[in-house]
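One structure, as structure tokens, below. Some questions next.
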Amino acid sequence: MAEPQVQHFDTIVIGGGIAGLQSALDLADQGYRVAVVEKDASIGGKMIRLSKVFPTLDCASCITTPKMASAAHHENITLFTYCNVDGIVRMGEEIHARITQNPRYVDPDKCIGCRKCEYACPVYLPDMEQGGFSAKKAISIPFSNAIPQVAVLDAEHCMLCGQCETVCPTDAVDYFMEPETFTLTARTAVLSTGFELSPVKDKAQYGNGEIPNVIDSLQMERLLAPHGPYNRVLRPSDGMEPDSIAYVQCAGSRDKSMGVSYCSRVCCMYAIKQAMLLSGALPLADITIYYMDIRAFGKGYEQFYQNAKAMGIEFVKAKVARINEGDGGSVTVRYENQDGGGIQTMDHDLVVLSMGILPGWRPEPYCPVSTDSDRFITSIKPKISPVLTDMEGVFAAGAAAGPKDIVDTISESGSAAVEAAKYMQASEPILETQP
Amino acid sequence: MILDTDFADEMKQYSGDTALECFNCGTCAALCPLFHDNFPRRMIRYVQVGAKERILENANELWRCLHCGLCTHTCPREADPGEIILGLKQMVVETRRRS
Amino acid sequence: MSDTEHKTDGDKKQMLKQLRKQRKESVARATAIMKKSKKEMKMVRGALSDGPATVPQIAEATGLFSDQVLWYVAAMKKYGEIQEAEKDGAYFQYALVGARETTEPQEG
Amino acid sequence: MFNPTDIIDILANNVKKTRGPFGIPKFITNRWWKTEEIPEKGEYLLFTGLMYQLAPFIETSTRHLERFEDTRWADEIRFARFVPPRLSGTGLAAMTPIFKQKQAQKALKDITRLLKTSGTDFFYRPQLDEYSGILLYDMGDRQGFADHARYVAENLTKAGVKKIITVDPHTTYALKVLYPEYTGETFEVIPYFELLALESKTADLEVTLHDPCFFGRYLEVSDVPRAVLSNLGIRTSNLRNDQVFTSCCGGPAESVSPALSRSIMEERKKELETPGHPIVAMCPVCAGNLKRSGAQVEDLSAVLARHV
Amino acid sequence: MTNPNDKENKDDTHNGKVGVYICHCGGNISDHVDVDKVRDAAEDLSCVKVARTNMFMCSDPGQNMIIEDLENGEVDRVVVASCAPSLHETTFRSAVERAGANPFVYEHANIREQVSWVHHGDPATDKASTLVAAAAAKAENLEPLHPVRVDAFRHATVIGAGIAGMKTAVDIARQGIDVALVEKTTQPGGRLNTLHTLAPDGEKAGDVVDAFYEEIQNSERITVYPNTQVNDVKGYVGNFTLTLATDGENGRADTTVDTGAIVMATGSQSYTPFNGEYAYGEHPQVITLPELIQTLAENSGDENTLTVNGKKIRNMVMIHCVGSRRIPGIHETKEDANLNEYCSRTCCSAVLHAGNFIRETFPGTSIFDMYRDIRTYGRGQEELYNRAAENRVVFMRFEADAPPRVESSDTGNFPLSVTVSDGLTFNEEMTVPADLVVLATGVEPTDISGIAGMLKLPRGNDGFLNEVHPKLRPVELPVTGVFLAGTCQAPMDSSEACNTAGAAAAKVSALLGKGYIELDPFVAHVDEEKCTGTGACVDACLVDDALELVETEVAGQTVKKARVTAALCQGCGACVAVCPENAIEVNGWTLKQYEAMVDAIAAA
Amino acid sequence: MTPTGNSGNQDKILILATETCAYPGADSTGQAHSSYPANTYILRVRAPVLFPESFYLDCFQKGISGIIIMSCGEECPYEGAYKDLAKRVDRVYAAMKEKGLDINRLRLTAICTVCNRAFLNEVNRMNDLVQELGPPQFAATA
């Protein structure tokens, strides 16, 4: 592939999750040429990994896939997947982004996504796309609805046995690929670098991630997803169908002892959503949500919460203080019940930690854009346009600018697109087109 | 219950007025090795609402505290529950000595 | 990206040998993983050769940890080797594909 | 449960009179140094705070208190006539077996040896070594603590002491954190293990280290003793509740509620015994408590001394 | 409006010459499907002129086979049998286009994901042949199609000049599109004009309004219509005509505005408690949060204690969730009023913000905050809550079914007492003597029944406007060309309102930027010869005004015929199913094509 | 329209799959290489509301043994279409009863883009049914 060393666009979007895709689509629809740079091998971000989404309970994949496809097929959008951003700087009128294309060890132009290599590969590895609960191979398509449908070889876990190369019908496997760097230039950039869950390992009280059957909320998303690791909800220690499932809210938020004092904004609703999906999947199971304040603030959210209560999901006003390994794979939680029940302990088959949201990318040292004390990108005009950063021509959208649910992310992404367009209009007055 | 918002001021001279930062999550009570009757949150809550009488009535409870610091270490609001209890001990000792 | 198309087979073999040397560590790591999983998956297959079994039953039969067994079962299910069979108490049974055609994975 | 303020009054009175919590004169408790050769001048003052020395007396007093707790006799304690002979003063001293007192002194001797081996420039003067007053602070008697602390600090300052080696967590915390606040005097306070430079003699051994709350949580120095052990080839078991997340031994409650103290320490004993390795303590109070619950416990200094 | 499909459909009536191209997919297909057999079977089909195979149809040589055959006139309809259409349908359509043909004469047969990867042996080959035959049958019936192009006014109308409306107007105008900004009051600014400073950072509400005000006044592209309401709406996307009624000194004046898109930014209002709700209306010292905010502006900061209604406020109680989060069966409301089950989103932060301001400015005023859940969800908001605690706001928590009781009292010279069973104090009953009770009233939609009725805009049970889909099309209304921004959709703070405004502006700019709108060609098409004007299709149509009956002259007689407004048609086909004469079809997806496919399948 | 009768030797199942949900769902099943009976013919549709009652009856007349409408359900992009569709299907059921056809030969379902399991369930279930019932037999009088 002979990529030109420098490619020019109107806008560079960093991050191909739902925020980045929405910004890219809104700009491309206005005629701007957009580059979308994604660190993973597929676009789609966190949303494509979710099961169903609140408050409408529609399938996350069914909402994300069309946006992914529109972006992939849009004549004004170019996708750069599996790429690292080495630096974003302003040089005069332009923004320059130095990009490294990580080697897939598979030629994306030749690969037809047939997965023959994956079937042939003898190395089984934990599939982190499935919360680690199932396996992938050392060469594999990232996930079923990945875009592009191109295999990626994990060189760190490759035996170089040559099986994949032998079976590949298009000779796409290339063990000798090297990282390649190139530059993108544009007049504007949108930072839509998303979030990561706060790590379970940071919370000693909750067992530092070492207690069996204590999982995080994204892992539960996979258990609930229609094409999840087990195709049903089982507890990971031994495959039992859980009878009692608990959610521990604020497991990584509103907690200065973990360094995250802010509210992560989405955990209440995703826990309620998962609880509802669980009560559908396991009608006989007891589901408990331990919470301090239920933050069902969005459109239709409070009603969603009240429905969950009416469905029999139990809400216990308590912050779980401690989680212990119980007998026979069970998990014991200890808490002070704020309803006057005093200090209580309760056993569950499966405990989900509603971990908080951390920024997915730290701009420093790659990009001279400021972050706040919460480490998310600073908004210089939070009231009139939250997407404005302190770097000229650079805008932030979605969870990069603070925890946010999908609904708010999508509108903010549209807003970032319009701000970028405004910036470009100001530097180059629009020509009157015929009405 | 008698509410007294000035009690917080009085507490300031002991171990500070961090009791007000507590949002009553109960982590301290559930982690406390004493495992006893909402301790120490009950005491902290009494400080918040200024129920000094309640604290004095139950003052002996305070000396159950081992000052092991687990609650202070894990408090999500960094309200220093252990130090509040120590401050209450001081307050009780000094109140009794004065009387 | 590197162009290997015009290399002869001999050249390529040589280059691959070189690469294996370069990546000695990762190749060794991958090989160890492969050997372990190959052995243990064989044990899982063995445990299922007499008919469907639950994860704890497979763990009992193989001496593997039950979380590890479940991981293998999920993996082998994904790659078409194992299918879910009837439920036994709180656990599902798993069967080798082809071993019992009658145990359809899908419930009605 | 005993009436705390009564106990505080006894303690405060003792400290005021004898500079020790149990009213036992220092010449009785602090005798370990007599057999040691330690210079009287040097860079660091070794300051034991008398905690190791007092540990056997605490044990005796607790054993007796335990018998009275929640009986009608509990109330009687407030009548001072019961207190002096049994729970403090020379009577208590008399009831505490000599062998126990000697045992307790061993740690200080080991520490001296370890510091010497490490080439530390330290000195000891029994007249400067005092109880820190920490129990008064823990019990809420700020005034009593401050008065005593000022006395101790003044002595040290007068003697020109700037750098202090401590041997137990309570004294370390008092001198390092509380003294600057309550006396205005600031010393450089270093627990002894931070100064150890022990040559590696490869022991092949694993121990379970119990972090005292003050070392583990308040002062966050848990990794230092682990590093010292590791230098000698001694591994430390991973416990869920260790270092900053350590569990209490139950110690500080013993004067008020020995029964509560016992239930907590038994819980801790179980946790420490789970890995199945020898248990090592770093605090005379912890060691005493864990022993009382029936655990086999050795002081860190003893383990180190044996492998040097 | 032009719909080129109308014309061409009539011209192009010949049956197609179909070319079939079958992909091996490097063994992915050919390992399970006998590709040559499929080709042979295709060759036998009467409509098929050529049938070819290739290792990779998506490769350049594969695509070139199609282009050559089309250019030679060998074929004029194309079927490729390969992987899922989601992967390569666009690839092959553009190949067809490159050959100078219409891209819609292309049909895709999915013989990888739906055949070779799921079936094996002869059944796989047979099924592939059948699917190819079905695709060829459809292809034979395909007609060239062209995108529907609708001319559009490069002009948008924003209704409501609150923060959302102002931002939408500015953002659209900056894209070179003219904007009419319609405001029913005298002044832009909306509810921000009634606020003091804003949570969580304390910006002055006036400054936020001013950020847009000047640009709105000075922009040549923005025309502000104060004291104005929309009186009438006609037309469809790109081509609306609005009648605006402006109240002036000389009475009402009407203006007509031609506009391409409409943005609803009609905002919301504060809930008014009913008489007796927490003693509101019965006691002068019970006020709402907006009323408190008004008085905060009047208080001077040099006092130690807040003064309200001339009274020094020593103790103040604030009660959350007044007029929000009501639960059927537990809460009651005024007759005919909405129960307001939703959370009003902004009140928690507003209460805490006001509380902090008071505690920091008037330390002599104590505050007791009674809440159900504290919902400081946003950036900087949890810190607001924390700061309120540091400021010694005393929190008390109540259950939905046991709200605080506000009563007149004379104990200790306090006019009011508020009693609550406090969850934080182990459910003890706490009584707070108070000088003032402030009710954190929620948000309600403004009355927009007029315009919503005219445009037939859907509103939820809560009275707010309903978007098409909260994630797929969050700022669009089901009426194409009508968008929404800000709190007419749901409660939100000004940051969030501005974000939805920006998103709406982005959509409007993309829609109107070119001066015309290109819609996909898959819209309903009426065969006027067959149409007998039954109107069944009009009744079945799911979109208002996409179909209508119009009178035309046929052979000197006035008859009714159905007419499609292509700009409004979504192409769902609801009309197709009900036409007794088979006179209406969806272009590109005709019933006839489906029947041909079924015939091919049945015949196999 | 000429009924072509049962010229095939299979019991054919016609699947009308919506292009936004069910059709990609079928592809997803293919990507997972999950096998299912080959007598299934999937037609991509924008919205199944397009088909009149007669279409279904004609299909049976032409020899199709079973039809599964795989819609988007409540996630249908065309507001109101699903409701209309459900009503139409009820009318088809009535007509089927009149003609002596087992109404289980027609099923209305919702399949999402990644509903592999649900897709397989539906297909297997319909296949079991048509294997049992055989080709459609119309009652003598219509």
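Letters A, B, C, D, E and F mark the chains as written, and numbering starts fresh at 1 in each.
Criterion: a residue touches a chain if its C-beta (ideal position, glycine included) is under 8 Å from a C-beta of that chain, and two chains touch if they have at least 3 such contacts.
In this text the structure is predicted, and so the values were computed from the model without any measurement.
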TODO: Have a look and report which chain pair racks up the highest count of C-beta pairs in contact.
DONE: A-E
Open item on the list: Closest chain to the protein's overall Cα mean, using per-chain Cα means, please.
Closed with: A
Task: Whole-Å separation of chain centres (CA-atom averages), chain C against chain E - done: 46
Open item on the list: Roughly how far is chain E from chain F, centre to centre by C-alpha average, rounded to an integer in Å?
Closed with: 32
TODO: Please work out the Cα centroid separation of chain B and chain C, and write it as a whole number of Å.
DONE: 57
Open item on the list: How many angstrom lie between the centres of chain A and chain F, each centre taken as the mean Cα position?
Closed with: 36
- [ ] Name the residues of chain A that each touch 2 or more other chains.
- [x] 58, 66, 205, 231, 254, 338
TODO: Give the residues of chain C that touch two or more other chains, as numbers and ranges in rising order.
DONE: 78
Task: Junction residues of chain D - those touching two or more other chains - done: 244-245
Task: Partner chain E, residues of chain F touching it in the complex - done: 1, 4, 7-8, 12, 14, 24, 26-27, 29-31, 33-36, 38-47, 49-53, 55, 58-59, 62-64, 77-81, 84, 88
Open item on the list: Show me the residue ranges of chain C that touch chain A in the complex, using the header's touch definition.
Closed with: 1-2, 4-5, 15-16, 19-20, 23, 26-27, 29-31, 33-34, 37-38, 41, 54-56, 59, 66-67, 69-75, 77-79, 84, 87, 90-92
- [ ] Quick one: which bits of chain A touch chain E in the complex? Just the residue numbers, please.
- [x] 26-27, 29-31, 53, 55-56, 58, 63, 66-67, 69, 73, 112-114, 116, 149, 168-170, 254, 261-263, 265, 293-303, 306, 317, 338-340, 372, 374, 376, 379, 381-387, 401-403, 406-408, 410-419, 421-422, 425-426, 429-430, 432-435
- [ ] Would you tell me which residues of chain D are touching chain B in their complex?
- [x] 1, 3-5, 8, 138-143, 213-214, 217-218, 244-245, 247-248, 250-253, 256-257, 260, 264, 267
Task: chain E contact footprint on chain B (complex, rising order) - done: 1, 3, 5, 8, 17, 20-24, 38, 42, 45, 48-49, 77
